[in-house]
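Each of the next two complexes has chain A plus one more chain, namely chain B in the first and chain C in the second.
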Partner chain A sequence: MLYSVIGYYSLILGLCFSLILIFFSVRNFKNSKLLDTKILSFTFLQFFFVVISFLSLVLSFIFSDFSNETVFNNSHTTKPLFYKIAGTWGNHEGSLLLWLFVLTLFILIFLLRSKNQPTKYKILTLVFQQIIIIGFFVFLLKTSNPFNFLFPAPEEGLGLNPILQDPALAIHPPILYLGYVGSSIIFSSSLAATSLNLITKSWATHIKKWVLISWIFLTLGILLGSIWAYYELGWGGFWFWDPVENVSLMPWLALTTLLHCILVLEKKLILTSWVIILSISTFTLSMCGTFLVRSGILNSVHTFANDPERGLFILIFLFSLIFLSLFIFFFFHKTNKDTSASFFWLSKETSIIINNWFMMYFLSVVLIGTVYPIFLDVLSSQKISVGAPFYHKLIIPFLIPFLLMMAIGPKLKWIKSNLEDKIYLIILLAISILLSFLIVKNFDTNFLLNTILISSALYLFLITLRDFFIRKNNNISQNIAHFGFSLLIVSILFNNLFSTEIITNLKVGETFKSENTKIVFEGLNQRKEKNYQSIIGNFSIQNSKGKIENMLPELRIYNQPNIVTSEADIKTTLISDKFIVINLVQSKDYFNIRYQVKPFMIWIWFSVVLISFGGLISFIKKKV
Partner chain B sequence: MKNKFLPLSIIFIFVIFFIIFYKGLQYTNIYTPEIKTNNKIPLFSADLFYSNKVVNSSELFKLDKFYLLNIWSSWCVPCRKEHSLLMHLGKSNKIDIIGINYKDTKVNAEIFLDELGNPYKKIIFDQEGINAIEWGAYGVPESYLIHNGIIIRKYTGPLNKKLINEIKLLIK
Partner chain C sequence: MYGRKVKLRFLFVVVILITLVLSVFLVLKSLEENVVYFQSPSEINTSSELDKKKIRVGGMVKKDSISITANEIKFIITDFKNEINVTYTGAVPNLFEEEKGVVAEGFLKDRNYFSATKILAKHDENYMPPEVKAAMGEK
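Right after this comes the complex of A and B.
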């Protein structure tokens, strides 16, 4: 009760500071020297109140204060402490408060970190950021107040959805939000720089850190969500082209492209329009994602509540930001004719621009696949669902030239280069084609396409691998990230091609035999935990070489709310994952068993970690 | 000329986006009983919940009888609330209630029915949510009143006492 009051009023105070900040900034914009310390202390106070508010909610969750409606709806006394805390952002209201927390934290860090920037630029960035912050304050207070009272206070809460009670998912939202919200800083700062005509090389150096940090967190956030889907949803896949996954992928694609453009801008004053448009679109795509998953237009685990008022608010807010940024872009941005100097077709610039267009293509495929069902529904009341085949058909063919460009591009020089003593490029291409030919030969699936695909991925793999050993003007962070990407593509391809699956129904004591696998259902055990009961199946699996392994997939029956989840048992080795999951079937003696062997799973995770590690190195690296 | 054309066309595109999203919001959330009524029921075949048999729509819905088709799921909280009303309605011999178990697992659905009772004459097991799409359903719960193979009423969202009374009047 007490915490709710404190939390609610700190939120209102935080909002007041936003208004004060905007008022002061606009009024004293002309003689901005006076403002420097004042805005810093106000921003700090605002951050302080948001922290208080956030902590109050966390404490309400820890002490299971069910007089708070959010706690009542999402917590339960028998829940472990870790999930009580994670439950704070496992719901709509709390996760918005987390957004706000990160928003105010980032603007504070931004002000602290950019002491040397022009004051006008700092103030304008702050104003744009405060507009976003106000939007979130109003949204929170008006439509999704996390501190609503319930009177009389209920004895017990409703509990957190069991599939969300998972360590990977507990940290997934904060990490992802750091990425999303980081992009808001890029958005505000690029708008400010555009209005003041400050898009320069030094601005690029300054904003690069923010691009990198959001990019790293976004990458890791997506990775965590994907790992969770892999072992918790029990379908044995890691990416389902579900709309909610797509809305996190779209900002990532935009941000990755932006990162490359910024790197170019840092060296040469070109691609300025690209940089501005990408900064705007990265953040608007993140907001658009929030709109799509929170408004109930799409249905998913992330749709916490379908409330038309909320959807309408985000929609109007989103489009106000879009129109504001469009206005600033068209009104203030001037392309400098003389600096957009032409460059030779065979140069780093050209290859980056080509790859930009490829990225934009991938982005539009994902965007169309995600919003097309909504358009069709509105225009003709038809319900369709766009699935993996659509994305695969449209993306895979274009992946081939993309990978080749990615392999050759970094080898080129700025402005103009020639292909002398680049024989190894051709040798490596020949090797990778040969290798993939040998690999694909043994499998009778779509021979030509697979060979070309694997060879282009292997090509990038070999070239980046070679670069590790040649230390001539080497860009280590780029090299690691690109190597990680090639590893990711190679692992995904092998994973898709060589996965095997057995689905069968078995009773205790029965045996299933196929060509090279023998599955014996040995028995069942039961166990009681604090907030669930579990049934554990005991399986022994014998592969073609006669090696026997025991696997223990689990069914968990949660008491609050009453839901059954299946926990897969996964045996991970460097070469492949063995994945087994059980489900009940209606005649109760039988269990539905799904057993999969998935090669190179761990490499998929590892390569994404490598990619973000590349970003991290670039982030901490001293200026060359 | 060229300079003004680009911004205007981009703004135009975004305005269209806004309108579509705005409409989309209304589609998913606003209660629209008029749509899809007085239409024939869709032709489909589906899996039955208890027997793994496949049935056709014509076998399920006979003429001269009232049916209430109810889309439900064990994970859907409003379904829990309307369930007692369905149990009550199911006692009437003038109407048969047919359930579509939407995007659910059998285990959870069985626990749900064991706990709250089973008002359904037959249950279609719609794990992928395909049958619900064929009916043009927006979500769960949703109910359709059917007579002579024609949908005479559609109820989006949970049924309440008032709506149950309306159904009772209609089937008299």
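Right after this comes the complex of A and C.
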């Protein structure tokens, strides 16, 4: 009760500070000398109140204060402490409060870290950021107040959806939001720089850090979600082209493109308008992601029950932000005519631009596949879904030139260059074609396409691998990230080609036999935990070489809410994952069993970690 | 005539336009081919022509209709007006239960038989797929 009151009024105070900040900034914009410390302290106070508000929600969850509606809907006294805390952002209201928390945190850090930037630029960035912050404050207070009272206070809460009670998913939202919200700083800052005509090389260096930090978090956030989906949903895969996954991929694509363009801008001061457009669209896509996931519009298997009316608010807010940014872009942006002259087709910037095209193409494919069903539903009330074949068909063929450009591009120099050590490039290409030919030969899949695909992925792999050893003027961060990407693509390709799956229904004691595999359902064990009961299946699985492995997939029957979840049992080795998941069908004697052998799973995770590690190194290292 | 720079820029614009047109064409074409339509048992029953393509059927799993053998699961999807028999080989999601909403993806054999290739999972016991909700709303 007490916490709710404190939390609620802190939010209102925080909103007041937004208004005060905007008022001061606009009034003293012209003579901005005195403003610095004042603005900093107000921003700090705003952050402080949002923290108080956030903490009081966390405390309400920890102490299971069911007079708070959000706590009542999403918590339960028997839940472990860790998930009580994680439950804070496992719901709509709490996750928006987390957004707000990160928004205010980032603007504070921004002000602290950019002491030597022009004051006007700082103030303008702050104003744009405050506009976003106000939007979120109003949204939170008007439509999704996390501190609503319930009277009389219920004895017990409804509990958190059990599939969210998982360590990976507990930290997934904060990490992902750090990425999403980081793009808000890029958005505000590029708008401020545009209005003041400040898009320069030094601005690029300064904003690059923010691009990197949000890119790293977004990458890791997507990774966590993907790992969670792999072992918790029991679908035996890591990416399903589900709308909720797509909306996190879209800002990532835009942000990755932006990252590369910023590098060009930093060196050459070209592509300025493109950088601004990308900054705007990255943030817009992040907002869209939140909107689509939270409004319940998306027809997704991930969807959780929620309230569509909230969608309208975000939609209006989103459109006013887009309108504002386009207005600023068209009226304030001046292109520097003289710089666009020195272009040569065989140069680093050309290859980056070409890869930008591909990225934009991938982005539009994902965008269309995600929103087309929504539009069709609105226009003709026809219900459709767009599945993996659509994306595969449109994306995979274009991966080949994309990978080749990625392999050769970094070998080029800025402005004008000849390819260095051509012989090596050709030898490596020959090796990768030969290798992939030998690999694909033994499998009667789509031969030509797979050979070319694997060759180009291997090519990038070999080239980046070689770069670790030879280059003097080594751009180690780029090298690591590109190496990680090639590893990712190679692993995904092998994973897709060589995965095997057995799905069958078995009773206890029965045996399934196929050519290479024998699955024996040995028995069942039961165990009782604090908030769930688990049934553990005991399987022994014999592969073609006669090696027997024991696997223990689990079914958890949660008591509040009463939901069954499957916990897959996964045996990971460097070469492949063995994955088994069971399900009980309508309390009959049969268990539905899915057993998969998936090669190179661990390398998929590892490569994404490598990619973000590349970003981290670039973030840490001093300017070269 | 025109300078080198203008020519280059012109070429640039043309290339952009061509790629744009090409990608729009590709996207539309593969949308047409790969989109999966959703139908309720009643719509299937009243439709003049049977869909040959992959579709989704949604509704409630009828009470006492699930039967299971070693390699097959059979059940009935109903929207309380019409129903359709479904046979399925594959993995089922956690919340697949009688008298709960379900969406099955697969091919129609005839008006009364549907052979599913996938059954879609939901995450939330309160959540009802919008299509199913709409299909039920018509009752």
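Throughout what follows, the second predicted complex is superposed on the first by the 609 of 624 C-alpha atoms of A that agree within 3 Å, B and C clash if a C-alpha of one lies under 4 Å from a C-alpha of the other, contacts with A are read in each partner's own complex, and residues count from 1 in each chain.
Operating definition for what follows: contacts are C-beta pairs under 8 Å (C-beta built on N, C-alpha and C of every residue); 3 or more make two chains touch, one makes a residue touch a chain.
Since this is a predicted model, take the numbers as computed values, not measurements.
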Classify the contacts of A:F44 with the two partner chains as first (chain B alone), second (chain C alone), both, or neither.
neither
Scan A:F332 for contacts with chain B and chain C and give back first, second, both or neither.
neither
Between chain B (first) and chain C (second), which, if any, makes contact with A:L312: first, second, both or neither?
first
With the two structures laid over each other on chain A, which partner does A:F375 touch: chain B (first), chain C (second), both, or neither?
first
Taking the superposition as given, does A:V564 touch the first partner, chain B, the second, chain C, both, or neither?
both
Looking at A:Y9, would you say it contacts chain B, chain C, both, or neither? Reply first, second, both or neither.
neither
Which partner does A:K383 reach: the first (chain B), the second (chain C), both, or neither?
both
Name the chain, either chain B or chain C, that contacts more residues of chain A.
C
Considering only the touch criterion stated at the top, classify A:V365 as touching first (chain B), second (chain C), both, or neither.
second
Look at A:F613 in the shared chain and tell me whether it touches chain B only, chain C only, both, or neither; answer first, second, both or neither.
neither
Where on chain A do the contacts with chain B and the contacts with chain C coincide?
299, 383, 385, 562-564, 583, 585-586
Within their complex, state which residues of chain C touch chain A.
5, 8, 19, 23, 26-27, 30-31, 33-38, 56, 66, 68-73, 89-98, 120-127, 129-131, 134
In their shared complex, at which residues does chain A touch chain B?
291, 295-297, 299, 306-308, 311-312, 315, 319, 322-323, 326, 330, 374-375, 377-379, 381, 383, 385, 555, 562-564, 583-586
Chain A residues touching chain C - in the complex, by the definition given at the top
161, 163, 233-236, 299, 301-305, 341, 343, 357, 361, 364-365, 368-369, 372, 382-387, 389-390, 393-394, 503-506, 510, 561-566, 581, 583, 585-586, 588, 590, 592, 594
For a test of understanding, state which residues of chain B touch chain A in their complex under the given definition.
6-7, 10-11, 14, 17-18, 20-30, 35, 49-50, 52, 74-75, 105-108, 110-111, 115, 133, 136, 139
